[in-house]
Amino acid sequence: MNADSIRELFEQVCRGKLSPDAAVERLRHLPFEDLGFANVDHHRALRAGMPEVIFGRHGGNILATRASHEQLAAVRKKVPKAEYQELARAIVLRRDRKKYGKGIIAVVSAGTSDIPVAEEAVVTAEMMGNDVEHLYDVGVAGIHRLLANRASLARARVVIVCAGMEGALPSVVGGLVGVPVIAVPTSVGYGAAFQGLAALLGMMNSCASNVSVVNIDNGFGAGYVASLINRL
Amino acid sequence: MNADSIRELFEQVCRGKLSPDAAVERLRHLPFEDLGFANVDHHRALRAGMPEVIFGRHGGNILATRASHEQLAAVRKKVPKAEYQELARAIVLRRDRKKYGKGIIAVVSAGTSDIPVAEEAVVTAEMMGNDVEHLYDVGVAGIHRLLANRASLARARVVIVCAGMEGALPSVVGGLVGVPVIAVPTSVGYGAAFQGLAALLGMMNSCASNVSVVNIDNGFGAGYVASLINRL
Amino acid sequence: MNADSIRELFEQVCRGKLSPDAAVERLRHLPFEDLGFANVDHHRALRAGMPEVIFGRHGGNILATRASHEQLAAVRKKVPKAEYQELARAIVLRRDRKKYGKGIIAVVSAGTSDIPVAEEAVVTAEMMGNDVEHLYDVGVAGIHRLLANRASLARARVVIVCAGMEGALPSVVGGLVGVPVIAVPTSVGYGAAFQGLAALLGMMNSCASNVSVVNIDNGFGAGYVASLINRL
Amino acid sequence: MNADSIRELFEQVCRGKLSPDAAVERLRHLPFEDLGFANVDHHRALRAGMPEVIFGRHGGNILATRASHEQLAAVRKKVPKAEYQELARAIVLRRDRKKYGKGIIAVVSAGTSDIPVAEEAVVTAEMMGNDVEHLYDVGVAGIHRLLANRASLARARVVIVCAGMEGALPSVVGGLVGVPVIAVPTSVGYGAAFQGLAALLGMMNSCASNVSVVNIDNGFGAGYVASLINRL
Amino acid sequence: MNADSIRELFEQVCRGKLSPDAAVERLRHLPFEDLGFANVDHHRALRAGMPEVIFGRHGGNILATRASHEQLAAVRKKVPKAEYQELARAIVLRRDRKKYGKGIIAVVSAGTSDIPVAEEAVVTAEMMGNDVEHLYDVGVAGIHRLLANRASLARARVVIVCAGMEGALPSVVGGLVGVPVIAVPTSVGYGAAFQGLAALLGMMNSCASNVSVVNIDNGFGAGYVASLINRL
Amino acid sequence: MNADSIRELFEQVCRGKLSPDAAVERLRHLPFEDLGFANVDHHRALRAGMPEVIFGRHGGNILATRASHEQLAAVRKKVPKAEYQELARAIVLRRDRKKYGKGIIAVVSAGTSDIPVAEEAVVTAEMMGNDVEHLYDVGVAGIHRLLANRASLARARVVIVCAGMEGALPSVVGGLVGVPVIAVPTSVGYGAAFQGLAALLGMMNSCASNVSVVNIDNGFGAGYVASLINRL
Amino acid sequence: MNADSIRELFEQVCRGKLSPDAAVERLRHLPFEDLGFANVDHHRALRAGMPEVIFGRHGGNILATRASHEQLAAVRKKVPKAEYQELARAIVLRRDRKKYGKGIIAVVSAGTSDIPVAEEAVVTAEMMGNDVEHLYDVGVAGIHRLLANRASLARARVVIVCAGMEGALPSVVGGLVGVPVIAVPTSVGYGAAFQGLAALLGMMNSCASNVSVVNIDNGFGAGYVASLINRL
Amino acid sequence: MNADSIRELFEQVCRGKLSPDAAVERLRHLPFEDLGFANVDHHRALRAGMPEVIFGRHGGNILATRASHEQLAAVRKKVPKAEYQELARAIVLRRDRKKYGKGIIAVVSAGTSDIPVAEEAVVTAEMMGNDVEHLYDVGVAGIHRLLANRASLARARVVIVCAGMEGALPSVVGGLVGVPVIAVPTSVGYGAAFQGLAALLGMMNSCASNVSVVNIDNGFGAGYVASLINRL
């Protein structure tokens, strides 16, 4: 099965011309390396390392992030059970509800505008078998709201923090917990926010040492990394 | 008195070849517009709007920021009473101790490395006749230290916040007080801090609406603006 | 009341499904920290520090900046008295006309294209209880127009200066007045203006020491900071 | 104990005027929040979350990264047992040799020039109680060397990857392992490497989903994050 | 024939108002220097050095890259035999099928999203008389797929590598072959990919010494350079 | 006449609600400083220094650059004689055909895509009373075409050079002539052209000493400066 | 005479091993194209278009900018009459005092730190046979000083304006005069000045249409362009 | 032989503690992948693909670029025959004088300051067995010098072009030849040259289609790529 036919296969699933089950059946015989697909519309590589979850073989979960309603409609013709997570803009087919994560992943976001990215992290982590708690609207300019939820943070085994604008929240959260913090800069903001660059630079320079960073708006990546950590 | 002779006059003072008093005597007859000097070594314009303080006419205070020990030695030969503020790297001659500010200016800094910039703000505000309180080492990764000093913040009529790296502190402080906050990005940090650019962008995008920003490492400017506000 | 219900509440007001008065009634019992909302469409945090003005409790004023005609229509179904400031693109409901500011805030802009940002500053300052004077079309390439209005500047207790392109106006105005100047870079210009970056950098490097800067196109922030200063 | 005295205390240790033990004795009574020190010479915040390791209370390990030979000499006068890790440029005092990590941390680097950063990660992880394996000189242009060491990668519970220039190594390693990868861009390279910016951008855009990134040359941060993960 | 008339001529061909043959007839009498046309819609200069191929005189091939279906329709009215390469978005008229290249040009791409750029390189090289092999979906996060195709790489006399995101593939390929590698950064990615800038910087800093780079998304240029090399 | 009424006046002319003649009549009594208008749609300041040409008082010429067909239609209702320069996208009303320039202004452009900017320079210079010669499609990759037109360059008293992509043409032209060269970077190109930034930087670093530069795509500015020089 | 021997010749003059007269004697027989030398230490091309002035043939003036005292000493051994312009850091040998310029060139600078660049422009213009007036310390924050010297500006046929920091002065001067303005951004400033980038961007976006710009700190280029204009 | 011992071996050669021959003897038994060394002082990877030339096994040539006189002295103690190429700053030991290249490689440079980079390309190409012709001081502002040497260019099978400042030369050369052009941006220039960034961007946007680019100042890489091409 060469590259073109794999791509074709993937496109057939996304356009609803082929059921995921049929695709999975064909894919399960593929060698591991053949599963490096591009994402539905933004070409974000869904790495094949955990295919049960992302593009599930053997009856695993299927997740397509950044999906439109049109893509949903096409998928549903073939897979009526496919669901759409509105805020996360994700098509999901949940077939495996087993817990792989050993603790709770907390997903924290600064402003209401950061919620779509945060929800993408949530759905990714959930589809990969984790218990997720979210804590939204706890931006640093209203620090008391964050502190009021400190107990929730303390329960987490890994924390994902999504923030745009100045990207300051991961540093504050990082100082409050003793576990790894995955920071996600978002493109929220205007002017000197430069589409997330300000938040990205802020997070790279976090004075909290337990913070590492993924790409701007990459909620999927944060959920993925947090899931790997939570499985350890 | 043309531009060249003014510059010469200024240089003579800095090199100790002329006493500030003699310079002031000559300068007091100058029209207002002739007092737009460059700073001692970094050419930061010390605006002439408040000459009693910065380059004092009529027996006012004199302040030269970013001054070296060599410059101090030269000045002291002519003006033995000139003092040196080690942390702020400033030469000061305090002749007017009247209070012009109506309240307290709080100067807050994130890390120990931000202290020289913070001290430049402190000495500027003090020389312009203000009561100043400082609150150092209250970075956002240890938010409790900041909150423990909230009473000190609450007393201030204006707050100056100096921070490098991710520049997150002004947003947190801004959310805690109801007064104007002047943010000073510092060039503290390395790598993706890009000599203060990360902190500058962070502060420009502060989610706290009471924050405005001055140039990187511009403790003088922050002290100056805060003094103007405190006089109102 | 958790984050989701607050956000829901806010959205109901914006979409006209709930009257501001009803929302205010529910909000007045909320603790202070729960009022950190995102803006109508650009997610600019309207900080809760002055809720009488921005999202008014207790019969205060309500202001929604960067609002569209569609949003206006929705709001008016519930709140017929809501008005629209065309140039500032703001929905306002003025219920409190008390003056909180102690002096005049002058809003100065360089070119006609900067007027929307300037008007956003004007309406913010007015809604927060200030007397505002504006002075438009006084760009630095026609310096006499600015100088002809120097008396107007001299009356101000705080000055807001909006300028795009080279962002030079705050420096000139800063040299003419002895009060704080809040500079607002605008995204006006093309080519090497880089959507306001040139103006932002220019203002950060102002040779006038009484200038501090807010984000590109952030008329709201400038009006907010100026209002805080004018209340002192 | 206020900020100034804490800082003074820290400086005394670094200059050898006070033994770490004496400092620790004084520090152990401090509240948690008072331990947010700046680093020896680069002001990198050593967060207080794990004080047993970084600035050890109760007989824990002490680590000062980016330390010079002069600093070493000063420290040794007071603490003869302090050792210097040449490649990592770190002063260490190892008093606690207990293992806190549950698996192996692999530290991978692309070129010989990346070794100092990699070694900083190694020493940090070791001082925090981890077994560390390193794998150097396995840049992507000689992919067989990396693949020949795949067994070593497979043993790791967390992988740290240091690379300058194009920063491609984390993507390749990320595709080979199923565990979290912490990527450290280094400032190695010249011209369009822009002091690590090229590597940083490359790593932020990694097509491997298990990669998160810390600041340029931040070996300490990578070792810290990896240690937290390895303790889970 | 002045500049305006040449341009007019070119536009007539693109809009189908003039057959390429007629245009060629008129162009063949032009001096060499008059053939520096802008491209169909992106103004990329199709250099005149090899006019038989790009804008064929004497019955050579004609190639118009980045062409729309509208342009195709217009061309076909005059030249029914013109074909459209869907993936490469190119209009081609193949009249000369002679081989000018002495070996195989391999075109390698990292992800499915890079394929349009890769196909532009393929069609350019084919129209210039080369045997081309392509190898797609061999991104560095799944290194085994690339290695499994090493034999294919070994056959090539020149290799073109297209990659977006971190742009790491040319370094890996460069290490596997002993022939020149032409790297094409693509604008694939989001966030910190900055429209291909991350990939461009990565490729400029390749640790493989046999790599040189063309502009972002410039598949045409890569095919052109590779063809020149393959003719030697 | 305050700023608002002036702006209103200007808008009425642009929308065809007022004839330029009527506007001119009202404007001729205005003091010099009141004529600092923004441009039709891009807010480029048409400086008032030469009002006979740009916004003509006393029967002078009128020029509105970057004008759309809609604006043209509106203007023509009131001023049937207004003409539209298609390539330059300019509305012109030519009433004064006197020559103010003492020599020829040559306008040179590199590629066909640069022609709109070049034509804007041409029409500006013509409306300001100059003889203009243009020389298009003489990019540096086909240097003979430029050299073949050297006589044309030699006749010019000032030369304007428009180029995008690498922006190399001004250096070559600068080396061929002994008169001032005004370089205009254009936003032509893609990828690493960064909307004209590459050309701008190239021109700023020109190795020809007789080159000065205006903003990206600023054909108007180049024509304006060249006209001032040609009047000397 | 090939490139190497020319370079050798040039170096011999700079190091004093050959008298300028002897060099000139040898150079006068060279074809025009052989005179494209690099500058003394910064490789700024001294274009050969006006060799009588810059590297004088036939007894013309000689100018070497950015020269050190060491270079002066070496030159003086061979050419005792060579003089050093301290502020401009230039070695000059004035043999031709004829006036080639038809009017006055005004050189304006904003702050005292801009003077070296301004003086480089002055000496270049003087060596090229122009009457030069300078006007220093007239930064925009003290606009009255500039206005007080308006008569001086009005006399000029061309104006050079040097400014660092926000680079605002050219716009103000441009609005005051009706002649061409050559703007020179300087690297004066700190922090967000980014070594002259802020001033450069500001000048590129000048709202005065009679401004064109040369490279950062390029006083030579400004003097050169102004001289060409003044000869017309 | 692990990484540390290989690195040690390499350092011994560079410091003259081990003869290249002895090192080669030990290295010849190493597997291919173990030869990915960092360069002498700039860590530029000397890829192992052509070890006979760069770090010669079996009596091949040895080349160490960017070497200091100190390194030379150390090497000469062990290898008296090692020579130093002053302009290229390279240590060379030439033992194999066989020609591997099939044609001439032309190395062209714009200004005298670009010569060190050009010479690095020359020595690399020569050590890899090529006939090299160089053509210096042919910058685009003196286009006749370049054209006068067109015959020399016409003889070349591959052309390397080194240029700083605006980086325009590759486009002009590319238009004159029909063979591949390798462009090398140099860090020559000041101000807006931004250490070679301007030249790099210029070259990436070359309007000549036969140009590909290597890193700033990477003369070695250009020589290497050109050599590979010339062997075909």
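For the reader, a short list of remarks on this structure follows.
Letters A, B, C, D, E, F, G and H mark the chains in the order given here, with residues in each chain numbered from 1 onward.
Criterion: contacts are C-beta pairs under 8 Å (C-beta built on N, C-alpha and C of every residue); 3 or more make two chains touch, one makes a residue touch a chain.
Every value quoted in this text rests on a predicted model; they were computed, and no experiment measured them.
Among the remaining chains, those touching chain D and also chain G are B, H. Legend: contact pairs of C-G compared by residue number with A-E, E-H or A-B; the interface matching in over half of them is A-B. Taking only C-alpha atoms, you rotate chain A by 90 degrees to land it on chain E; that is to the nearest 5.
Residue numbering at the chain E/chain H interface overlaps substantially, since over half of the positions present are found in both copies. For this pair, chain B with chain E, the centres built from the Cα atoms lie 58 Å apart. Computed centre separation for the pair chain B/chain G is 36 angstrom, with centres defined by C-alpha atoms. Once the centre of each chain is set as its mean CA position, chain E and chain G turn out to be 46 Å apart. Shared interface positions of chain E, defined as residues touching 2 or more other chains, are 36, 45, 47, 111, 139, 141-142, 164-165, 174-175, 189, 191-193, 197, 200, 204-205, 207-208, 215-216. Pairs of chains in mutual contact: A-B, A-C, A-D, A-E, B-C, B-D, B-G, C-F, C-G, D-E, D-H, E-F, E-H, F-G, F-H, G-H.
Interface residues of chain A, counted against chain D in their complex, comprise 36, 45-47, 49-50, 102-103, 157, 174-175, 177-180, 182, 200, 204-205, 207-216, 220-222, 224-225, 228-230, 232.
The part of chain E that touches chain A in the complex is made up of residues 111-113, 135-139, 141-142, 144-145, 148, 164-165, 188-193.
Interface residues of chain G, counted against chain H in their complex, comprise 3-4, 6-7, 31-38, 42-45, 47-48, 185, 187, 195-197, 200, 215-218. The part of chain C that touches chain G in the complex is made up of residues 110-111, 139-143, 147, 164-168, 171-172, 174-176, 189, 191-194, 197-199, 201-208.
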